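You will see subunit A twice below: alongside subunit B first, and alongside subunit C after that.
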Partner chain A sequence: MKVGVLVLVIILGSVLIYGSLEFPPWGDPASPASSHLSPYYIEKSLEDTSVPNLVTAVLADYRGYDTMFETIVIFAAGMACIFLLRSSGKEESGTRLYRHIPTGITLRIEKKSAFPEKSEAFERIDSVWVPHDLIVKTTCRLIVPFIQIFGLYVIAHGHHSPGGGFQGGVILGAALILFAISFNLRSAIRRMGERLTLMLSTLGVFIYAGTGVVCMLVGMNYLDYSALAAMLGVDPVTARSHGILVVEIGVGIAVMSVMVTLYYNLASTGKHDEGL
Partner chain B sequence: MDAFLNVLISKANYWVYITLMMIGLYGIVAKQNMVKKIIGLNILQTAVILFFISIGAKKNATIPIIEHAHDGTHTTIAAIHYINPLPHVLMLTAIVVAVATLGVALTLVVRIHQQYHTLEENEILKRIQET
Partner chain C sequence: MIWQIEIIILVIVIILAIGALSVKDLLGAAILFGAYSFMMCLLWAIMGAVDVAFTEASVGAGVSTVLFVAAVFRTSRRTED
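Presenting the complex of A and B:
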């Protein structure tokens, strides 16, 4: 079986390498991919949209439909994860472990025995042994706000430097996941609950699709941001740049909350109880 | 010899991606473990992403961000000075969608493990036939 697959893969690879001999050489400015549509994008997008970053201009304006449905794909992935994994049951998972914070002693509470959930001296810990790591917790607590500010910068500055909604959303989501890993899943969920992440992921898609609908209500085409010129009080070209910023914010919110949703469900296999 | 070197220099990037792609394909087909199959799928995806990015490259060109766009000093924008932005756009969305589909794939793997308590493909098939 494995030898057969290896032979097949080698044959297919040699056929592809033979085919690659007809490809344009690396870095050829006259290659087919760079000679039909992309010169238009490079030469005209600054006067069309006043966005210097061509990737952002093409992503959110010329190919706005594509990006909108990519956002919907990400949203659908988050929904699929919840539908497949989330178990809503509040059933207790047997024993619980608590750490007495001043002394570091771990208590094991058996099933059915009551314990005050909110206590200053005790904190609940995961059933797999978790050492009390002050250095990791303190470092992550210090670093997370800066990561989040950098994520916001990447979203907001996507017009002038590499960045945009997708990248910034992933950075914001990674900051929350870092927090959840360094503390525990419960304290992350206390700060950003399931309901909030679901509402934010819906809000992100709504902002993107809603911008298109607003353009349509003014009487222009769907996602033609120059329709926003009268509302924003700027000329149509600048309005397209502002419209790109609005949809990038929507993409960023959707991507961040879907990343967090995926992590919550995968780390705890849908229980949102204890995880990595 | 020189002819071969010219071919090597101008086509070596494609060969690297083809190798990566074949590694990924081998992982998908030959490995029995579901997680290893997903890793193979991701390697294949990476090969496609690298292939697209290398299509956009141009010699003596810079990143697709117009220089001095708003300070009034920019000259005529020529397509030859900036690399092709289109593959970058396509792959930018593809990377994030790859992460999302990876999440769904791992979700399915978790569900399969809950149901059959194994991730080996042949054992799962055996247990499906038993029931």
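Presenting the complex of A and C:
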């Protein structure tokens, strides 16, 4: 069985490599891909959209429809994760671990009514993963705001440098995931709950699709941002640049909240209680 | 670009890919996969696709490794095959 699979993989791999021999050489200006559409993008995208970063202009403007459905794919991934994993957590065993902060003693409490939820002297700890590390917590608490600012910068500066909604959203989500890992899942959920992440992920897709609808209402094509010129009070070329920014913000919000949702559900097996 | 660096990175990518497939410890496989993603990110950067490199670094090496580790943490660490 294993040998057969190996032989099959080797045969398919050599077919793939044989097929790739027919490709034009890397960076060949005479290849079909570079000879029809690419020169137009390279020469005209700055005049058309006033966006210096060519990749952003192509991604969010020329093929904005495509990117919208990429965002919807991310959104659908988050929804699928919720449908597969999310459970209410009612069948949980009633025991919880609490740490008495002044003395450092860990208590196992079985009765549901006796949980010291409101007490300042007790903190709840996970039963499987109990880090009590001041250095890690303090470092992560110091680093998280800077990661978030970097994420916002990546979203906002996607016009001029590498980056954009996807990368910035992932970085913003990673900041919250880092917080959840260094503290615990519950304190992350308290700051950004499930309801909020779901609303944000739909809001991101809604911003993207809504921008297209606004363009249609003004009378232009779907996602033709030059329609926003009158609304924003700028010329059509600058309006395309601004439209790209609006769309990137939508993508960033959607991707960030979907990443956080995926982590919440995976790390806690859908119970949103104890996690990594 | 210096072609020796490219060759070294390509060799490391292949080694990491085989390692991620063959290692028995799933946590180790997740980490190797993250390292593989980072090497791919370097390759994209060498080829001049900086945006793709950025995406690979943030999604491939960053968040997906964390998601793999979370999944390993919630399931089993050793693979049967």
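By our rule, the second predicted complex is superposed on the first by the 268 of 276 C-alpha atoms of A that agree within 3 Å, B and C clash if a C-alpha of one lies under 4 Å from a C-alpha of the other, contacts with A are read in each partner's own complex, and residues count from 1 in each chain.
Heads up, the rule we're going with is that a residue touches a chain if its C-beta (ideal position, glycine included) is under 8 Å from a C-beta of that chain, and two chains touch if they have at least 3 such contacts.
None of these values were measured; they are calculated from a predicted model.
Look at A:29: by the touch rule set out above, it reaches subunit B but stays clear of subunit C.
In the superposed model, A:174 lies in contact with subunit C only, and not with subunit B. Of the two partner chains placed by the overlay, only subunit C lies in contact with A:163; subunit B stays clear of it.
In the superposition on chain A, A:267 makes contact with subunit C only, not with subunit B. After overlaying the two complexes on the shared chain, residue contacts for A:52 are found with subunit B alone; subunit C is out of touch.
For subunit A, the partner with contacts to more residues, out of subunit B and subunit C, is B. Contacts of A:143 after superposition: neither subunit B nor subunit C is touched. Judged by the touch definition given at the top, the superposed model places A:259 against both subunit B and subunit C. Touch criterion met: A:12 reaches subunit B, while subunit C stays clear of it. Contacts of subunit A with subunit B, set against its contacts with subunit C after fitting on chain A, overlap at residues 26, 53, 55, 59, 162, 164, 166-167, 170, 259, 262, 266, 269.
For subunit A in complex with subunit C, the residues that touch the partner chain are 26, 53, 55-56, 59, 129, 154, 162-164, 166-167, 170-171, 173-174, 177, 181, 259, 262-263, 266-269, 275-276. Those residues of subunit C that touch subunit A in the shared complex are 47, 50-51, 53-55, 58-59, 62-63, 66-67, 69-71, 73-74. Taken in their complex, subunit B has these residues touching subunit A: 7, 9-15, 18-19, 21-22, 25-26, 29-30, 54-59, 61, 63-67, 69-70, 77-80, 82, 84-89, 92-93, 95-97, 99-101, 103-104, 106-108, 110-111, 114. By the touch criterion given at the top, residues 1-2, 5-6, 8-10, 12-13, 16-17, 20-21, 23, 25-29, 31, 33-34, 37-39, 41-43, 46, 50, 52-55, 57-59, 63, 66-67, 70, 73-74, 77-78, 80-81, 84-85, 160-162, 164, 166-167, 169-170, 255, 258-259, 262, 265-266, 269-270 of subunit A touch subunit B in their complex.
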